[in-house]
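Pasting a structure here, questions to come.
Each chain carries a letter (A, B, C and D) given by its place in the written order, and its residues are counted from 1.
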Amino acid sequence: MPDNLIAPHIQTSFDRQSMMATFGATLVAAADGRAVIRAPLMPGVRQQHGAGHAALTFGIGDTAAGYAALSLMPAGREVMTAEIKINLLSPALGDWFEAVGEVVKTGRRLSVVRAEVVAITGATRKTIAILQGTMVPVDPAPE
Amino acid sequence: MPDNLIAPHIQTSFDRQSMMATFGATLVAAADGRAVIRAPLMPGVRQQHGAGHAALTFGIGDTAAGYAALSLMPAGREVMTAEIKINLLSPALGDWFEAVGEVVKTGRRLSVVRAEVVAITGATRKTIAILQGTMVPVDPAPE
Amino acid sequence: MPDNLIAPHIQTSFDRQSMMATFGATLVAAADGRAVIRAPLMPGVRQQHGAGHAALTFGIGDTAAGYAALSLMPAGREVMTAEIKINLLSPALGDWFEAVGEVVKTGRRLSVVRAEVVAITGATRKTIAILQGTMVPVDPAPE
Amino acid sequence: MPDNLIAPHIQTSFDRQSMMATFGATLVAAADGRAVIRAPLMPGVRQQHGAGHAALTFGIGDTAAGYAALSLMPAGREVMTAEIKINLLSPALGDWFEAVGEVVKTGRRLSVVRAEVVAITGATRKTIAILQGTMVPVDPAPE
């Protein structure tokens, strides 16, 4: 399946996340328990030394993990992050970042997920963070 | 000590974090192993249903925990997040959010921290997330 | 409420955990969203330098958190740990250890919990670990 | 490299962990940033329904992750767990359990590790837990 095959309800959900627009993030793939999000290192997303803020690394990693979980559910469902943990391996320095989320176990009540965030500079790729967490399916209407 | 007593090097560090400006966040306190950050629910920080994105909740919680750790170190030091975990208790709905970070144990090589994020709507306060993590002191120059 | 007020179904559940017997652990309290477990530093629970193994610290912390969650549920329910994180602050050295679990938020589908493990030597108490995690209610019969 | 190639100082360290003997655990491999531990489902390591207790799953996962980290360090070093998180995917039911620890990033001050615990029943293998954490190198003498 090509990277750009994304179910319409997933793309719509992503497009409604204003934080992703603020981060300049793009949903590159979301199918079969795997999702990919890319974001550049923009001026407004930095920590005190100019690297990407942990909120950026976390945000795209968590969101990729969430859409990975959603990609295994019937259309009309939603997921929310119950909890997630991030280990930051290196400063978020690079031209842009790629978060890859994947489902470890999908369940009726909980999905266990992982994500990895890579910094990309020219042709080099460096893993800067790994995440492990839990998504819960929810009914779409209320929050 | 009044809430607004913040050491100059901590305020400077915070002011250099463009992500905090993007979030409209303010450093309210940072002393004696405790730090407080406030941020409103702005249009550009939301998830697909209009609540604050987990990246906002995480971002202010993590940053409050970091400055709590830094407040116990000599001026000239820096800290970085090694790892942190967040449990999201409720959607981030409110007029604004307050993250309170505190140091559980400070050490030469590691500081263990916690944070709590509260949503504030009028006079009501609701805890929406708790965090637990590890900060590492680093030398200021290189990252 | 005195520390020794424990609902019979909770005590029965604890008594059926052979790991708790192997650890020499005692359930001291379990009510109102809080549970306390004590265990000595026995010869068979150590790491390579004679301190208590992380599995002991984790085991009593996780179990205290679980019974804290269970204490808020109707009799006949059970809980399982979905996930939990431990930060180890100091080696587990002491005459015995006390784990205090507490519920941060109880819900129909998830309970968020915390625990703290303290090493006790004579009259001194030292926090050696903190935990934060998620318990899920389950039906009692199948596992 | 065969699974049974384990450096003598690592085997000695493992053999001094009385908790591992209590669990009936064996160190099967520890080299090149990867370690494997196996343990049976013995009578004394269970939760209230007869499955393996989370302290067992955690204990062998954490220990495998620790020896994975140690395997990349010069002889004479030690590691301690700073923090680790476990997601429990399924009850620990099986003839025995295998924990595989691996190093994600090794550093002078911190090593980031992962582990997976599998339940084995006859010829079937089922992942029952994943862990993600941080090990810190320490000097061998003091704790």
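In this section, a contact is a pair of C-beta atoms (placed from the backbone, for glycine too) under 8 Å apart; a residue touches a chain by one contact, two chains touch by 3 or more.
As the structure is a computational prediction, the values presented were derived from the model and not from experiment.
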{"item": "Between A-C and C-D, the pair joined by more C-beta contacts", "value": "C-D"}
{"item": "Matching chain pair for B-C (criterion: over half of the contact pairs shared, by residue number), options A-B, B-D or A-D", "value": "A-D"}
{"item": "Distance-maximising chain from chain A - centres being C-alpha averages", "value": "C"}
{"item": "Distance between the centres, which are taken as Cα means, of chain D and chain C, whole angstrom", "value": "21"}
{"item": "Distance between the centres, which are taken as Cα means, of chain D and chain A, whole angstrom", "value": "29"}
{"item": "Separation of mean Cα positions, chain C and chain A [Å, integer]", "value": "33"}
{"item": "For chain B, residues contacting two or more additional chains", "value": "82-83, 85, 87, 112, 133-134"}
{"item": "Touching residues on chain D, where the partner in the complex is chain B", "value": "82-83, 85, 109-110, 112, 133-134, 136"}
{"item": "Residues on chain B engaged by chain C in the complex (per definition of touch)", "value": "85, 87, 89-90, 104-105, 112, 114, 127, 130, 132-134"}
{"item": "In the complex with chain B, residue positions of chain A that touch it", "value": "13-14, 16-19, 21-23, 43-49, 51, 53-56, 58-59, 62-63, 78, 80-88, 91, 93, 143"}
